[in-house]
Amino acid sequence: MSNFLTLDDMTLSTGKRARLYRLLYGHGPGNGTALFLPIDQGLEHGPVDFFPNPPSKDPAFQCELALRGGYTGLVFQIGLAEKYMHAYAGRVPLVLKLNGKTTIPSDDEAFSPQCATVEDAVRLGADAVGYTLYVGSPAQAEDFQQFADLRAEAEALGMPVIVWAYPRGSAIEEKGGRDSIYAVDYAARTACELGADVVKINLPKLDNLAALPKPYNALADDEAAAVRRVVESAGRTLVLFSGGSKLGDDDLMAKAHLCMGAGATGLIFGRNMWQRPMDEALAITARIKTEVMSQYPRELRG
Amino acid sequence: MSNFLTLDDMTLSTGKRARLYRLLYGHGPGNGTALFLPIDQGLEHGPVDFFPNPPSKDPAFQCELALRGGYTGLVFQIGLAEKYMHAYAGRVPLVLKLNGKTTIPSDDEAFSPQCATVEDAVRLGADAVGYTLYVGSPAQAEDFQQFADLRAEAEALGMPVIVWAYPRGSAIEEKGGRDSIYAVDYAARTACELGADVVKINLPKLDNLAALPKPYNALADDEAAAVRRVVESAGRTLVLFSGGSKLGDDDLMAKAHLCMGAGATGLIFGRNMWQRPMDEALAITARIKTEVMSQYPRELRG
Amino acid sequence: MSNFLTLDDMTLSTGKRARLYRLLYGHGPGNGTALFLPIDQGLEHGPVDFFPNPPSKDPAFQCELALRGGYTGLVFQIGLAEKYMHAYAGRVPLVLKLNGKTTIPSDDEAFSPQCATVEDAVRLGADAVGYTLYVGSPAQAEDFQQFADLRAEAEALGMPVIVWAYPRGSAIEEKGGRDSIYAVDYAARTACELGADVVKINLPKLDNLAALPKPYNALADDEAAAVRRVVESAGRTLVLFSGGSKLGDDDLMAKAHLCMGAGATGLIFGRNMWQRPMDEALAITARIKTEVMSQYPRELRG
Amino acid sequence: MSNFLTLDDMTLSTGKRARLYRLLYGHGPGNGTALFLPIDQGLEHGPVDFFPNPPSKDPAFQCELALRGGYTGLVFQIGLAEKYMHAYAGRVPLVLKLNGKTTIPSDDEAFSPQCATVEDAVRLGADAVGYTLYVGSPAQAEDFQQFADLRAEAEALGMPVIVWAYPRGSAIEEKGGRDSIYAVDYAARTACELGADVVKINLPKLDNLAALPKPYNALADDEAAAVRRVVESAGRTLVLFSGGSKLGDDDLMAKAHLCMGAGATGLIFGRNMWQRPMDEALAITARIKTEVMSQYPRELRG
Amino acid sequence: MSNFLTLDDMTLSTGKRARLYRLLYGHGPGNGTALFLPIDQGLEHGPVDFFPNPPSKDPAFQCELALRGGYTGLVFQIGLAEKYMHAYAGRVPLVLKLNGKTTIPSDDEAFSPQCATVEDAVRLGADAVGYTLYVGSPAQAEDFQQFADLRAEAEALGMPVIVWAYPRGSAIEEKGGRDSIYAVDYAARTACELGADVVKINLPKLDNLAALPKPYNALADDEAAAVRRVVESAGRTLVLFSGGSKLGDDDLMAKAHLCMGAGATGLIFGRNMWQRPMDEALAITARIKTEVMSQYPRELRG
């Protein structure tokens, strides 16, 4: 798949293009690909995620990793952005996550309420906003409406929107689960239809196909084909794959290759990075940039 | 039935008339009838609908089909409109669908939340907006309220409103099902009463009449009479019939004749068109326009 | 000058592109050029302009001329649009003029107040709005501010803005007059800088150069070069030339050739058209389209 | 002139049509013509106008006259409407005058500020609003802007707008004066262009033609032709002629015939009515209705 | 003066710091100094400024110069930004000029009305906004008020404000003229007091000191001391010096050294750059960056 999606294909306003250009060409790998460092797990999962690498509990750790590792951007909730970004302002791009929740209540009617606004993101000099959409949740209607308002405000202010498209709810569990190719494929398309500029999804799993709705239950995709499939379902939406829980170096490198080779624009690796000590995190970051991202440049026409 | 409803009969504001005239006389068959190409199934049904014709997964396929086939308009959600319409702006009319949902959660309390606004439609140069109203759903009250706001905004901006009037919910299932003549007839009237300019409905089915409320359970309508009945229930609301899942050529042509002969203003055929390869889709499109739509012209007085 | 400005060069939003495409390719000459019929003289000059051709006093005359002659669009103030466009809605595009004044008070501090809004234009299904900007008037500051608000609203609603860029005021009279190449050149650039999508200007005059500021006082332009100069000063703004008071057929055809040959996108001829009886007006319209506009097509890439 | 303008020709919204129908067919002469009783002179001229008939100082006098004489409607400023209409509500239609001024300051920069809103008119159950527009005044820009806002609000609420179109200012005095055919003709057209539904003008005078701008200075109109001319300039705007200062019976009857015969929709006679004792006022009112208005019925198609 | 003002000294919000960091360290010289390319002269002076180098009439010339020369940012009015920045979005920072005027009307009551908003700047992805403040003009009160609103909006959105602080008006002429040390010193302080983040001033002139108010009339400053003086008056406001009309190479280099050596943060050279052919413009740009700007780095603590 040499025909990668670029900013030229996306009908972007001048402001969205300026900000996405800064992310994709002015920071990170710098060749049109993206490597984001998310640090919203303290809210989403609680401090449990910091136990493997205690210094990571201090957001300054991730700021420093993002700066020294040359990441495309940091992903913060409003509180962390207000408290930790000042010294890094302009040096590390900010993606302000606009909604969030804890993992404490049941996920049965998953819904992530808005905690900050697009105007907050502008005020803080962010280059994109993030939003978690729980595709298929019983609370989907409320979620779509909340997202619609945010999307419109982002459009008016030229702010790119990254959608964390996460299948959720009992209906999705009954149809093969949140990471099935059926679920991920549908989530990618949903983000495209609702107006995401960038969508973050998980790698689709190909086990247990029999449980999926037709015709997914008869799919002959291998892993690479499945990734290509969901990238295609995202259409003119840039795709990021998340890293999920921590993997060994070889598995992580293989995952990066798999995603980028199948047409993803980038990766958003959190625990896999900052659950390692700084030196190891910087080393694996450098490997991903050198060995993977450099292989998938996107050239613009302009 | 030679006494077709025309724009002259509808007490339209200048703006609504301008936009409906463009759809009905400036594009598509061009004689006052309509042939729309909807492409919101990626959200409503998921990518499953694209499996029969994989190129259809890329919305550029439908844009090209609409342009080359000379459709009355394309129906897109906001995300697809933002990303795919620029090159077709002014060449193919846009109907912006303002609400939508996935098929993942249960349909028991069907409600389709708003994903975009009438102002978005204006901003994108659309000639109409679309809204799915789940007539009879337990969530009907919320639906009516959401629709009322949208209708008022559309009125103020001269934007025609097309209502997808879909009977839903356990109550409707207990009374004969969503496609019964009782359900469709009620839905058509509901759209007219609430202020739709155009209503999209499914063909009413005449099997299992005994299950319907009186006096529908004793109806002697044949198929054509049933279609006339629902068209009449829509009153001064233009009626579009949907194609539903894919039919063979002869069945599709027969369906088109049945609807148009009974007074429909037009057809809105999605999967029946873009689940075919481009050449076949263009061929059947041409047949419908030549053999069917040309038979039912509406002349204006002006 | 074969390198004509097209919609592809203008960084247009989808809505502005849709509406400009309709004007330039869906109506009028249909090849990317424009021939507008303005009928705002009843307000700007008073009924005096209708004396040469009394039927022209009834705006229905101009509506009929625009329809039968196949014009790109009619230019109306809000009152005429409300009262006369309904029967022509969708058949003849509308440009709603948003400000205006009478010729009665002194022109010393020329300022044209807003009489309608961009939202009125949307409501009436217009494809563009018009605004008269008195460049150089002592009231210029108020004018710029009024225009800025209108431009922002038009941008938000995807509505193209046509600026009537008219030099006015004692300062401009002291520097060579309102139709001098200095004045027209400055007006064209001003419209571009302030955000017009289309600018309407008068043909620059080359007599009395000595009165102009340097270096215009030493200009060696012939007529064609002068027109090219002002078209270039408008940059990525489409240029329309006005016809002014009524000319004979040969002079009018020569003027049309001069403007279009020098890179104008179109002509906006009012009195020169509707001060003739209908048959003559239709005849000269046809000649301009056949002999002139057809020679200057603009092809789009898309 | 048998081709009278009717409500059918005016592209009226349902609300404006309902209110104008009530005025023109439900009250007054009842045949599509209008006879209004204005009582805003207490503000515009001061109590001086009440000296000839002291009971007229009490607005109850005019209320009673309007009711017993069967007028089309009363014209009041907000204070009189609040205080005197309650007992007549529904029995005599109300036209709420929305702007006004005293005659005390100089008329050089005539401008009539808004004293009430369209919403006040709705709240009081009025069937139309009135607005005085000083065409040609140096304050014309402010006037046009104030009117534009009011017109938009009236449009949104379905409230008919009657414009008192009065030429004013030194420029108009230099060009032949406020009642010249030039001035009145321009004023009529201005009201039409800016969106009046009804325009109230004074009878044009034909003396001193030489002082008028070309080609008015060479006009060969007799009185009837002059009135027809201004009625035609108003286009699809209903025309009312004012009575001005008090005339004798024969002159008043002649004036009424002149206006109605030339195409006016109605008359708005104040001082000529309420400066007479009640019995005389009722008598002349009856004569106008019987001998004049009955001669000029307008039939609707519907 | 080794104690240069840096972003660390300015109590900047995170957003303002992010944007200023991008300008000062992410683009241009990249060491904390600034070299801006303004192109608002087409509006402020008219097309006359383009005569010395005709290709400069096309704003694409300046875009290309800014990109290839590695400027800190381009300064555009809204119209040019909308039409010319898309291809350069993110590659060349944008400073959106928010007010402007033509040079046509008298400068006696100089006032530059707002032509765009801070929100426009955000929407277009600008990194700063520009505002011309006419210090001392009779219209100063209106100017201060307009600026106050804009400053507050910029503060809320984290957008840096660059003030073009220009002394103007007869009072300033009577006190030694707009470029006197008195006038420039006062202007610099005014910008600081009213809330500019950056101030653009002209080099103060030291001739004709006797005409200045005490104690400026007895000043013993040499040129460098005078520049230091105004830089100090700007306090914690970054100072840019303008180039003014075109100079020879040696004079330009000397001016650059003078300003930077005296503590300026940067230069904003327009005509001196784009009135040269591209190659010459790039060559002198490179010399200024290499020979001057590199000598005055500002290091941040963070």
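Chains here go by letter, A, B, C, D and E, matching the order in which they are written, and residues are numbered from 1 within each.
In the analysis below, contacts are C-beta pairs under 8 Å (C-beta built on N, C-alpha and C of every residue); 3 or more make two chains touch, one makes a residue touch a chain.
Quantities reported herein were computed from a predicted structural model and do not represent experimental measurements.
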Give me the step distance from chain B to chain D, shortest route via touching chains only.
1
For chain C and chain E, which third chains touch each of them?
A
Would the interface of chain A with chain B count as same or different, where same needs over half of all numbers used to appear in both copies?
different
Hey, which one of A-C, C-E or B-D is the same interface as C-D, over half the contact pairs lining up?
C-E
Could you tell me which pair, A-E or A-C, is linked by more C-beta pairs in contact?
A-E
Distance-wise, how many Å sit between the C-alpha centres of chain B and chain C, to the nearest whole number?
39
Indicate the whole-number Å distance between the mean C-alpha point of chain B and the mean C-alpha point of chain E.
57
Touching two or more other chains - residue numbers and ranges from chain B:
13-14, 82, 85-86, 156
Among line, ring, star, complete and other, the chain touch graph is other
Listing of all chain pairs that touch each other, if any do
A-B, A-C, A-E, B-C, B-D, C-D, C-E
In the complex, chain C touches chain E at residues 10-11, 135-138, 140-142, 144-145, 147-148, 151-152, 155, 167, 169, 171-172, 175, 182, 185-186, 189-196, 213-216, 232-233, 235-237
Chain B residues touching chain A in their complex are 40, 42-43, 46-48, 51, 57-59, 77-80, 82-86, 100-102, 104-106, 111-117, 120
List the residues on chain A that touch chain E in their complex, please.
13-22, 25-26, 81-82, 85-91, 94, 119, 122-125, 156-158, 302
Parts of chain A lying in touch with chain C, wherever the complex brings them together
11, 13-14, 156
